[in-house]
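Each of the next two complexes has chain A plus one more chain, namely chain B in the first and chain C in the second.
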Partner chain A sequence: MARFELTISRHIARFFARRAKWGAEHYITATGAILVSTIIIMAIFAPWIAPYDPIRPVGDPLTPPCREYIFGTDSIGRDVFSRIVYGSRIALQIMILAAMMSLAVGLPLGLISGYVGGPLDRALSLIMDSLYAFPGLILAIAIAYALGPGVINISASIAVIYIPTYFRMIRAEVLSVRESLYVEAAKGLGADTKTILFKYVLPNVLPSVPVVFSLNAADAILTEAGLSFLGLGLPAPTPDWGFDLRSGYLYMPAGYWWIATFSGLMIVLSTLGFSLLGEGINEILNPRLER
Partner chain B sequence: MSAPLLDIRGLKVYYFARRGTVRAVDNVSLKLTKGESLGLVGESGCGKSTLGLAILRLVPEPGRIVAGSVIFDGLDLTKLSEEDMRRIRGSRIAMVFQDPMTSLNPLMKIGEQLTETLMVHGEADKEVAKEKAISILSDVGIGPERFNDYPHQLSGGMRQRVMIAMALILKPDLVIADEPTTALDVVTQAQIIDLMKDLKEKYKMSLIFISHDISLVSEVADRMAVMYAGQVVELGDVLSIFDEPLHPYTKALLEAIPNIELADQKLVYIPGSPPDLVSPPPGCRFHPRCPFATDKCKVEEPEMIEVRPGRWVKCFRYG
Partner chain C sequence: MSSLRVYIASRLLTAIPMVLILLTVVFVVLRILPGDPVVAIVGGHAPPEVIETLRRRLGLDKPLHLQYLDYLWKLMRGDLGKSLIWGQRPVIDELMERFPATLELSIFSFIIAVLIGIFTGVKSARNFGKPIDHAIRVYGIVTYALFIPWFGMMLQFIFGVYLRWLPISGRADPFMEPERITGLYVLDSILTLDFPALISALRHLVLPSITLGIYISGIFTRIVRSHMIEVLRMDYIRAARARGIPEGRVVYRHALKNAFVPLLTMMGLQFALLLAGAVLTETTFSWPGMGTYLLERILYRDFPAVQGAIVFIAIIIILINLLVDITYAYLDPRIRLR
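Presenting the complex of A and B:
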C-alpha cells in the first residue's frame, strides 16, 4: 500500500514539476494566463466575489480603503472593489462582442476577396487599407459618438477598428492556401467552389483567427476604457473601469486617490495580461518566431 | 479503329506573363483510344504538365487555351460551360498529381476526402459512399483501419495510393497522372507503377502518364509522345521508339539512360538546355542542340509526318 502511495505522490510531484518547468520556460505566457484567468474568474463569479451592490451607495462617500471597503468608496458611497469586480464583466463582454463582430465581417470578406481575386479583391483591399490607416481610437470615437451609448454600439465601434486586421490576415492565408496542391487536386476531381471554400480553404485558414484575436484583445479593452473615459461609453451607473477612472480622477487632487488608482490598475493589468497571453500564444502557434 | 476517346487537335496553351507570351503548348495534336495508355515524356518545362492540365481546363492564371480543341467522347471540352466541365472532372477524367505530400487536405481524414469526391458528384447516401471508399482503398492496398487517418499519419507511398484511389473512385474513363512517382523513392515508385498498371486493367480505363523519365514511361505506356519545347516531336508505340528512335531528341534521351552493364561508361547528356518558350528558336526548335542540324532546320519548321503507320516524327531527316 505504501508503495502505491509513493507512486501516486511521485506522479503528482512530477506533474507539478513539469508544470513549473513549462511555466519557467514560458513565463510570458504563464503570467498572461494567470492575469487573464483571474479576470475571467472575477467576471464569472462577480456576484459571489463582490461584497456589495456595485450600483448602489453602501457606505459614506469617499471612505478610504479600510477593512469594510477594501478599495474604499467613491463620491456617492459605492464600493470601489465591487465596481471593479463587476467592471470586468463589461470589459470582457465588449471585448468578446467586438471580436465576434469584426470576425463576422472580416472573415467572409477576406475569404471571398482572397479566393475570387480580381477587381473585387482590389476594391476591398483598398477600403480595408484606408480603414487600417485611420488612427484606431479616433475612428472608434467618431463611430461611438454617432451610434450613441450601449454595449452593442460600443462593441460595434471597436469592431470596426479590427475588421481590417482579420480581413488582411485571412486574405493572406487564403492566397497561399488557394495555390496549394490539395486545392488544385480537389478541383481536378471536380469539387465545386462551395466545397473548396468551406472544406478546403476555410479550415486551413481558421488557425490564424485565435492569433489575431489574442493580439487584438488587449487593444480592445484599452479602447473600450478610453471611450468610457471620454464619456462615450455605457450610461452612468454601469460599473466600468474607464468611467470610474474618469470620475475618480476628478477627486485625485483633493487626496481621494483610491477611486482612480484601482480602476486604472485594473485597466493596466488586464491589458498587460491579454498582451502577454497573446504574445505567448503567437509564439507557441508560430514556431518561426522561436529562436 | 474505333472513334478515339480523346482527340486533341492543334491545341495551343499560352501563358500571358509580364515578360512575354510563353508558348507552353504549341500546336499539339494527339489521339487516345479507349483502354490505351499514352506516355508523355520530355524535359522539365517542355509543356507536358500544361498539356495535362489543359485537358481538364485547369491551366492556372495567366495561362489560357488560345486555339485548338480537346474532343473527349464526342464533347469539345474547350467549349463546355464551367459547371459542365466540373462535372466531368473526377467522374470521367481524373487527375493524379505529382506531390502526394501536399495533394491531400491536411485537415481532412482520408476517408472523408474519398467520400467527399463521391458527394460532389451526386452520391447522396453516406453509407454507400463509405462502402465504396473502403472498397477502393482496398484496391489500392490500404486497409479499412486507415479510413479515419489524417494524411500526416501516412507515408508518401500510401498518400499517393490514396490519391490514386480518389482519382479512381468514380471509375473515370481517363486518368491523367502527372509525374505520380517523382516524389517517391525507387522501391515505392515501382510499387505505385505496378498498382497503376493493375488498376488500369481492372477498370479498363485510359491513362495519360506524364513523366520526364523515359524508362518509367516505357513500363506503363503502350504508346509514347515525346515533347520538346511545347511540341510533340515524336509519336509511336513504346517498343518501336525504343528499338529505333527517329527524332534526334528522342535518340539523345534514350542514350542518356544510364546502362548498368556498362559500368565505366560515361554518362551521356544533351548539351545545352531547353529553349525559353517566350522566344523559341526559329525553324525546328531543337536545332541549336541537334547534332544533325542543317541550314534548313534553322529557318523552316518541319511538319509532323507519318513515317510508318502509327509512327510520327517532326524532323526533316524523314520524308
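Presenting the complex of A and C:
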C-alpha cells in the first residue's frame, strides 16, 4: 500500500516538475491548439451548436446582444452567432482547398526543379521569386476578379499566393536530399530518375509539408477574409466572416457595433490560433537561434 | 565607387526579368483564365454587337501573342490605356492622382511601425528569455492576426463614433485640402503654410496610419528582436561591457547604431506587405488611394484601369526593392562584393 502511494505521489511530482519545465513555446502551442480545435469542433458540429438557421431571418433586425440572440441579429434579422458558427465551415474549407491546390502545383515543380537543376531550375526559381515578391492579397484580388465568385475560385486565388512557398521549401529539401548517400547508392544500382524521385526523394521531402501548411494556414484565413471584405468573396447569403464584417461595417457608424465586432473577432481568433500553433510547432521541431 | 556602379548594374539586370515575369503574370491572369474580360465588363446578356465593338476597342480581338506585344510596347512608353468610365482619362493620370494618398499613408504607417518595432524588439532582445521577452513575442504574433478592417473598425468605433475625437474617413475635411504640389497633404500644407489644412490632414491620418502601422509593427518586432539577439552576443559588445560602459549606452549607441542599416533594409523589403495592408486600410477608412481605386474599378468592371493599377503596383514594388538594395550597398560597401 505504502509503495502504491509512493508511486502515485512520485507520478504527481513528476507531472508538476515537467509542467514547471514547460517553456513559453509549450504555452504558445497549447493556446493555439485550443483555439484551432474549438474552430474545428464548431465547423463539424455547426448544426448542433448554432441555435438558428444562419441564412433566414429569425428575429427583429438589428437586435442588440441579449439572452435570445447572444451576439445580436444583423440588418435583416439573422442570428449573428449562428452565422459565425457556420462561417467556420467556409473558412476551414477554403483554407484546406487552397493548401491542397498550392501543394498540387508547388510540390511537383519543386521536386523537378530541385532534382533536374540547370536552366529549368533557374527559370522556375526566378518565376517563383517574382511571384513571392508581389503582395499576396493584390495577386489574389486580380485572380478573384478574373475568375469570379465561388468556393473553388476563391481557393484557387489564395492557392496561387502560396505556390512559391511550397516550391521554395520543397526545392531546398530536394537539393539536400539529392546529395545524400542513399540516393547516390540508388543511382549506382541503376535506378531510373522516376524511381529515385518517387521512392527516395519524395518520402524524405514530405515531412516538411505540414510545416509550410501551418505557416500558411493563418495567412490563408486572413486573405480569404480580406477578399470577402473587399466584395470579391462568396455570393450573398453564405455565412462568411469577411462578408459579415463588410455588412456590419455599414451599420457601425450608426452605433450597431455587434455585427462587425463578433464576426471580425472570429477572423482574429482563428488567425491567432493557427499562428500560435504554427509558431509553437516550428519552435519545438527546429529551435533556431535560441541559445 | 566603381564597385557600387557594378553592383547597381547587376542589380538592374536581375530586376528586368522580374518586371517582365510579373507583367506576364498579370497579362495571363487577366486574359487566359476562364471568364472573358469583355463579358465581365458588359455582362453576359449584352447584344453580340456591343461585345464585339468593345472587344475591338480594347484590342482583345487580336491573337494573344500580338496582344501581349502590344501590351508590353505600350507599357514601355508609360501608356496604361484609357479608363472606360468617367471621362475616359488615361489610367496613368488617374493613378498618379491617387498614388500620393497611398504613399502618405504608407510613410506614416512605416514610421509608426519602425518606432514600435525597434522599441519592442530591442526590449525583447535585452531581456532574452524573460517574461517580458515572451510577452513581446506574443505581441508580434497577435498584431499579425489583427485583421486590418476589424481593427480599423474598432478604432473607428471607439475614437470616431463613441468618443468623437477623430474623423473616421477621408484625407481631409471638405474644402480643407491644401493646394496641390506633391499630392502629399501634410507636405503640401507645410509648403503653403496652410496650418488649418495641416491639422485637418494630420487628424485624418491618425487612425488609418495607426491601424496599418500596428499591423506591420509585429513583423518589425520579430526582425529587430532576432537581429539584436545576434548583435548583442558579438565580441565588440562584450568588449564594450567589459570596459564598464553603461548597459543602456551599449545597447543603443554600440549595438543599435551598427544594426540600424541592415534593420532598415529588412524593414524596407516588407514594403509589399505594407501595400497589401494599405488596400484593406484604405477601404476601411475610405482613403482615396490606389487600393480604393483598384476596388472601385473592379466594381465598375473597368478592365484597363484594373490591369493598369495592378501593373503599377508591381512596378512600384520592384522599384522600391531595387532602391532599398542600392541604398544598402551604398551605405555598406561589403554588400557590393558578394
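Assume the second predicted complex is superposed on the first by the 261 of 291 C-alpha atoms of A that agree within 3 Å, B and C clash if a C-alpha of one lies under 4 Å from a C-alpha of the other, contacts with A are read in each partner's own complex, and residues count from 1 in each chain.
Assume a residue touches a chain if its C-beta (ideal position, glycine included) is under 8 Å from a C-beta of that chain, and two chains touch if they have at least 3 such contacts.
All of these numbers come straight from a predicted model, not from anything done at the bench.
By the touch criterion defined above, A:192 lies against chain B but remains apart from chain C after alignment on the C-alpha atoms of chain A. In the overlay built on the shared chain, the residue A:174 is in contact with neither chain B nor chain C.
Of the two partner chains placed by the overlay, only chain B lies in contact with A:204; chain C stays clear of it. In the superposed three-chain model, the partner touching more residues of chain A is C, compared with the other of chain B and chain C.
By the document's definition of touching, neither partner reaches A:90: not chain B, not chain C. Contacts of A:277 after superposition: neither chain B nor chain C is touched. Contact with chain B, but none with chain C, is seen for A:182 once the two complexes are overlaid on the shared chain. Residue contacts after overlaying the shared chain place A:267 against chain C, while chain B stays out of touching range. Once the two complexes are overlaid on the shared chain, A:98 sits clear of chain B and of chain C alike.
The contact surfaces that chain B and chain C form on chain A in the two complexes do not overlap at any residue. For chain B in complex with chain A, the residues that touch the partner chain are 56, 58, 60, 86-91, 94-95, 97-99, 102-108, 116-117, 120-121, 163, 166-167.
Interface residues of chain A, counted against chain C in their complex, comprise 24, 28, 126-127, 129-131, 133-139, 141-143, 145-148, 218, 222, 225-226, 229-232, 245-246, 248-249, 252-253, 255, 257, 260-261, 264-265, 267-269, 271-272, 275-276, 279, 289-290. Those residues of chain A lying in contact with chain B across their complex are 180-182, 184-192, 195, 199-200, 203-204. Residues 17-18, 21-22, 25-26, 29-30, 33-35, 37, 40, 129, 134, 137-138, 141-142, 144-151, 153-154, 156-157, 160-161, 168, 226, 229-230, 272-273, 275-276, 279-280, 283-284, 294-295, 298-299, 306, 310, 313-314, 317-318, 321 of chain C touch chain A in their complex.
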